[in-house]
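Take a look at these structures.
First subunit A sits with subunit B, and in the next complex the same chain sits with subunit C.
For the complex of A and B:
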């Protein structure tokens, strides 16, 4: 630690299943450069063993510790206290929005994971395919001859769904992460099934271009770009179908 | 269950706390759309005065020459300009155009909106 500890007032959302939520307040001396997850773990270890939260890898790979920190979606394991508050300041911790609260900071992401599965999301892909088209790293250009694979960017943390205003009011909305996954899978292996998952009222067309998904994504997935790219594909196809001869259409069908 | 997506969560649409510039664009589009819809209704009611005869219509026209109504008219122009320009940005983005520059496009278009609104304000209030 390079400076004196900070006094930070934690205000944590607490809710047992089926009970009324309340805010638990406690003041903690913290190292400003420690991560929020470290402080939460200390609260659990030293102050309140009933606090529930999710965590696993502690290095932004598992996506388990997504929560709202002072109103903004963050991965608690990579967010330093210094970046979100100040000495003597408040730190409000809430569960992600748009997911049912199971307990305290733990939300039920079951439906989201099922939707990701339905899109055929594969967490490993060829390095070239795993990149966004506008950011092909130079190293890939240099090693064009080599075939390499890597983990894709989306860690299924759900931050984008929590931040999305459209997901706020529509239970049926497919959501930014899943739409991004559909675009990602479609780019590798186009299929009508993927189009059908995205091209409907609660899919691509529910997005209202607030771009919050891209803003909060801790992993550089850029779901908003992917949604717009998928829209472009669907719109282009629709426009082309207007000029396509009917005989061709029947043949395609 | 609380915290789930619900139709009655809509007031959150208008809460910009801890959100980015994109949400301001989202909010502006909703507020201006509601304002323009309200104006359309008022406009239809005003035109309905015609059916009551010339005197009723003239009386109504005299009323809307009030500076308060002028301010209302300026708000309608502002809503039209903001909603229209922001709508162009969103439509272009939906065709995959300028998605990565949507922030700077939004700032530029809102700057244009301010200039257009200032021009109309000057015209409307300086010429009596």
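For the complex of A and C:
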């Protein structure tokens, strides 16, 4: 560290299960380049062992440490203090919205994970399929040797659901992450079942095109683009079905 | 032989705890897992994410290398959902690395690790971002995995057999029976701040780098040295394969692709307490240097994150890198005269399943429960189902 430590006022959402929430204030000397998750871990280790929060990988591959930082959805593990406040400034830490709070910063991801599972979300894909379709795949020297796979982009962190204004008004809304998963799976293997999960008023058509999901996504999933793309596919499918002979109607089922 | 279903408490829901929960639950135990934080929120979550082929240890620690390749093959089969498998290269950067190559190649073969010298041209053809000045390249079956999801997949599998997971529960004491033996634990539910007790026939301390601290609550010494290392993640996936430097285990010798990132690691130093380990900026700088030796383009790629993870090295007279990366289970009845408690520690993420198997074997032997391990044979449950309500498998 080359510069002096900053003084930052942490204001942390605290809530024991079933009790009234309150805001805990703590002033800490921090390295401005410290990650927020490291600061939270330090608060837990040195100041208050009762603080609960979710975390695992500390480098944005697991998606556990989604929080609202000064009102904006962030992965705490890759967000530096410098990027969200200033010396002498405030750092408000809240749990994600649109998920039930279990305690403090810990939210219940259960329903969300089960919805992701229902969409058939595959966490590993061929590298080419894992890229966004509008990204150019690199030119490969030896195609046969370059069939590689990778963990896909969505880390199921829930930031998009927390940021989504539609999710805030409709508890039944399938939500951006799951719709993005449906689009991703449909692109690889189209099925009527996937369309049915998305094509209803709490699905694709609930989205208001606020694009907050894409704005906060830390992983480059671009859920909003995927929702629009899936709408296009659903509409195309409907139009085609008008001209489809009756005998082929169940073709996609 | 017990007539009724035996019960076990597992302290710690890292890789070992989750894999052990699955193993014991599948063998018919009533399993209760107690974890202080989130699943995999200690060392396991913060691992580099390398599914070792074992080649990294084939010269210095053959025992660990053999364990790694055996488990590598098993995990690739049972945990596909959590692993990106593209193999890895060991590349020589200087004459010292080249001199190491024959020892490496022989060592790998002796350990049963499929290793193939592939030639510089082919290595650069398939990984164009590699340092163009490499002198030799060997291919091994390395892979990258998603740490949290691997733990969740074991936990989801355990849940299928009825295991109960109590995350955010801090262990504060051990319960003793009339003979001074351990028959359970007392804990605090951190969500509600309420105290809670769990009783079981056997308690397993699977807290890795914290095994010494947890055993200390029972007044029992366990010689574990938390030995952290730094990892640095970059914004861009620069290779498709794991890139290892062809040398003895050293700082910054492994560059791993993971999702859209590249992750370099690591260092090795000892700490007393692994609860909070600051990320040392000088070590991060050193990682930048080492990473750029393997892939020069990383000089211009933005850092995405940096983190510390504390290996649970088993103590002795040696230190750091020279400690074996294999694992140990301790039956505290034979060592300390206290029955009802077993500790498992050491090891690596890659070997978590076999650590669980050996620990479960010991537990079964102690309780006279005759069921064998089946965890190598069946694919793990979908990790999402960690969140499903407990269901007994058919």
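Note that the second predicted complex is superposed on the first by the 234 of 253 C-alpha atoms of A that agree within 3 Å, B and C clash if a C-alpha of one lies under 4 Å from a C-alpha of the other, contacts with A are read in each partner's own complex, and residues count from 1 in each chain.
Quick note on the criterion: a residue touches a chain if its C-beta (ideal position, glycine included) is under 8 Å from a C-beta of that chain, and two chains touch if they have at least 3 such contacts.
Values in this document were obtained by computation on a predicted structure and should not be read as measured data.
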{"item": "Touching partner for A:72 - first (subunit B), second (subunit C), both, neither", "value": "first"}
{"item": "Partner chain in contact with A:99 - subunit B first, subunit C second, else both or neither", "value": "first"}
{"item": "Which of subunit B and subunit C A:56 touches, first, second, both or neither", "value": "second"}
{"item": "Which superposed partner A:148 touches (first subunit B, second subunit C, both, neither)", "value": "second"}
{"item": "First, second, both or neither for A:173, with subunit B first and subunit C second", "value": "first"}
{"item": "Broader residue contact with subunit A after superposition on the shared chain, subunit B or subunit C", "value": "C"}
{"item": "First (subunit B), second (subunit C), both or neither touched by A:240", "value": "neither"}
{"item": "First, second, both or neither for A:41, with subunit B first and subunit C second", "value": "second"}
{"item": "Contact residues of subunit A, present in both the subunit B and the subunit C interface", "value": "none"}
{"item": "Subunit B contact footprint on subunit A (complex, rising order)", "value": "21, 68, 70-72, 95, 97-101, 107, 134, 163, 165, 167-171, 173, 208-212, 215, 224-225, 228-229, 231-232, 235"}
{"item": "Subunit C residues touching subunit A - in the complex, by the definition given at the top", "value": "37-41, 44-46, 49, 80-86, 122, 125-126, 128, 144, 146-149, 151, 168, 170, 190-193, 231, 233, 237, 240-241, 257-261, 263, 275-276, 278-279, 281, 304-307, 309, 382-388"}
{"item": "Residues of subunit A that touch subunit C when the two form their complex", "value": "1, 16-18, 33-35, 38, 41-42, 44-46, 49-50, 52-64, 77-78, 102-103, 106, 109-111, 113-114, 116-117, 121-124, 127, 141-142, 145-146, 148-153, 155, 219-220"}
{"item": "Touching residues (chain side subunit B, partner subunit A) in the complex", "value": "1-7, 9-10, 12-13, 17-23, 25-26, 29, 90, 93-96, 99-100, 102-103"}
